[in-house]
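Beneath this line is the structure, given in structure tokens, with notes to follow.
As written, the chain order gives the labels A, B, C and D, with residue 1 at the start of each chain.
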């Protein structure tokens, strides 16, 4: 249709699409899915780290971790708002999350088993997230692009904090160093899987690329993550749990071993170590909070009624 | 009445009253109150010690403490059974406990704040309980007297275990010794109050004495406890938190300071540190277990029905 | 019944400072448990915010306490290496999070006290105490406004919310008296700082709570009700041991480590 | 993905023994939380009884493990001074007590495995292992009978009790597969003891559970369902850290003390 052609032309010219602009239904749906999935990931992503706030080893580390989790809640807020510009409500999105219809990043279905996981999550998970998200700061949908700019700024801060935790552990006692290595062992492969299946397997990629809501392929981004992370691990004195990992002098890239995608699909299907628990925690929090949210609405209604009933008081 | 005279005569001659014997209503009521209060105390008394089972410092201590708490549940069972011989059901007695109508020993309304409290409770609380209970092994009501014989045997074992914990702490590090002293400071006065108000204040004592369900006065028993305990504290190297305490060479007894009965009455009124919590824990346990108890009854009914429906199978 | 020990000036100041720091620390620790589990995203953020403010304040008080103590310790040694009987926080703040109504009521009772307390201490003649109080009161002014506002909205919200906050108030009331206890430490240190002792905060506290409760259509429990005490002397409820076991695990399990 | 480390015989036996001991220890620890809080006085006593048996067994396994390790440790050092990644218990036993239906189902799944396991080990050519197994199986024979009986009565009790135990079974099922994992340690040590490896217990376990479930009118989840693993390698669920923080507090906080 002519509308579609005009729409695509704007995108090709790098003009941002805004909430009130015409857009194809599929573009809208794809964006709602992608943004809300990202928002849900921020919300659910509070839980694995929340698991260590009460056990942070120093008051300073506790404060930093708590501030980070608070940022994640904030990212959730921006992103739900960005999704809302597309004509869907936060309540609808949460309902989809709670019913299991909407997804969140599978990485949060792994447990956090030691303090070093707070380092590994910052370093690897936030590191991967940033690589995924930086291109999105230039994506075609304005509200999403602007939300991502804020998000990325904070995420890179988080990644640095995570690396700083790893650094302290690696400079610490042998037990601490082992804690760090163990965390790397557990989080390495799941972090690589965060970029999604290999491009060959990935549906919808072409269309999303054309719409400029996906700017690089999963494999390109994954390679970027490996290239960036391996030297960091070397610097920490930690070994990447991949016997096939090696630097290719010609390409200037690290080659890495086969990813066990069966694990990825199992976690996606709900069989990760924490899927049930994460979702249940969120649903319980929401359900337990119903009386609270209802009360705020009821009070606001009463106040409105009161001002309506007492016009002279104004 | 002639029945009453005959009844009193049997008691005076030291003949035990049994469940099926005639007895005055007031005797029955007093016993039900006394025995059930004692049973409730065993049940509620599991909680302050249960608070440290998960934190016992060695596996051996954990096992000993757990076995002790199990004994207390057992004492509760004997005592409810003894009360049931007087024509009241365990469910009725529990209902009275849960509604707050029936009492349990106020001592269990104090919190257990350190491992040393496991020692102090065994040493002082069980010690006091034994002094209270040994005479009851000779009380006029047969089922009660027999239950008390079993109870006392185990209690004296518990008191020794408690003293053993204190001993280890007092021979231990300065922190451990301080833990022991702190526990003694907190449990000393409440343990003295376990014997009840001074005889002058005590109602019903004369009648109970005549019926031989109260064989010594509160003050006599309390004095016995002090006389027995002070040398034990000396041996541990701990000081009794009573500046007025002194040995009277003439009487051969320890004189001790004024008891703060206002505290006793506050705790009795429900204002102890843990009254609300203890009762709530028990009520919750009972309420949460309703479906379980109902199911066992339902299953038993089904089984009965099945055997009735299939007479040939027999 | 307790043995009285004469305290020197540093011991007294140390006790005073840990009372301030421990209550902030334990309350923030309790809020940390709710991370990502609040009733709405906005509440998650607000809770984290309050918890962060309280951790920050706890660090200032405890770091100062450690310096006064002069044993080479620091905020972390005080936070992570003392046992229950050495903590001086109010019993109020160690009470469980319960439902969100309990969490908010606990916070409202504490915030109100905290506000008046910091207001007084910011006039202290002890420059360091005044400085910490002045920094903290900016944050706490926001806390007390927020919780007061929420109590009003929930009290005057639905029947259920009204019942919940009323129950929370009744439940926690007996832990509020301790905040106004003026024992030797309090009296002497308040005098040394040139400020009114905690007992002087009781009336303003009752007034503010009464005002908010009235607007919230809640019944205020009797000011003459029986009050639990002991936190200031290190005699706590059974809750605190569990809180510390969790909070202190890493420092206890890896004593030689730097984090 | 894990680095394989060649184990010598003692390391292997140590791993094997801690697997036995840790599961007994952690399960008993979980039962200890229920002290005085069971649904009936008789259950309180039975639970305490089972917990006592399991503590006793844990002590035997861990004491033996400490001797094999030969580092001068003992049962308490292993119980109280290892961190999460060093524990080798099944994920099953660290799952929360939940409702009493969850507690009983967890126990039933474990008891059934435990029974067959001890039956096999009591024939071990390793005399010490055989001895511990023989002592334990007398107790566990009672445990498995008791829980099987209760599952039948609750499954075939009321609608509510049926729903509760069914939900518990569905919930815990994914933690049962791990009990039959036969990794290097298991295979080599079973061979050394002259007994069948844990994988051989799977069929008898399924048969017994199936039989009890049939009598209880419960639906048995699929044996082919996805199973969680990791406990045997020290990769646990998030539950264990909290369990240990509580259990180990005193030994960690007072490292020099004798109790």
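Note that a residue touches a chain if its C-beta (ideal position, glycine included) is under 8 Å from a C-beta of that chain, and two chains touch if they have at least 3 such contacts.
Just so you know, these numbers come straight off a predicted model, no measurement behind them.
K.L.:
Considering A-C alongside B-C, which chain pair is linked by more C-beta pairs in contact?
P.N.:
A-C
K.L.:
Any idea how many Å lie between the Cα centroids of chain A and chain B?
P.N.:
Going by mean C-alpha positions, chain A sits 57 Å from chain B.
K.L.:
Taking the mean of the CA coordinates per chain, how far is chain A from chain C in Å?
P.N.:
35
K.L.:
Indicate the whole-number Å distance between the mean C-alpha point of chain C and the mean C-alpha point of chain D.
P.N.:
Taking the mean C-alpha position of each chain, the two centres sit 42 Å apart.
K.L.:
Two-or-more-chain contact residues of chain B, please, as numbers and ranges.
P.N.:
Only 55 qualify.
K.L.:
Give me the residues of chain C that touch two or more other chains.
P.N.:
83, 241, 245-246, 249
K.L.:
Name the shape of the chain contact graph, picking from line, ring, star, complete and other.
P.N.:
Looks like something else, not a line, ring, star or complete graph.
K.L.:
What chain-chain pairs meet the touch criterion?
P.N.:
Pairwise, the chains that meet the contact rule are A-C, A-D, B-C, B-D, C-D.
K.L.:
Which of the residues in chain C come into contact with chain A in the complex?
P.N.:
25, 29, 32-33, 35-45, 48-49, 51-52, 55-56, 58-59, 62, 75-76, 79-80, 99-101, 152-154, 156-158, 160-161, 164, 246-247, 249-251, 254, 256-259
K.L.:
State the interface residues of chain C toward chain B in the complex, per the touch definition above.
P.N.:
1-3, 83-85, 174, 226, 228, 230, 235-238, 241, 245
K.L.:
Per the contact definition, I'd like the list of chain A residues that touch chain D in the complex.
P.N.:
Those in contact with chain D are residues 51, 55, 111-114, 179, 182, 185-186, 188-189, 241-242, 260, 266, 269, 271, 273-274, 277.
K.L.:
Enumerate the contact residues on chain C facing chain D in the complex.
P.N.:
Interface residues on chain C, with respect to chain D: 83, 241-242, 244-246, 248-249, 252-253, 255.
K.L.:
Okay, in this complex, where on chain A does chain C touch?
P.N.:
Against chain C, chain A makes touches at 43, 46-47, 49-50, 53-63, 66-67, 69-70, 73-74, 76-77, 80, 115, 165, 168-169, 171-173, 175-176, 281-282, 284-286, 288-296, 298-300, 302.
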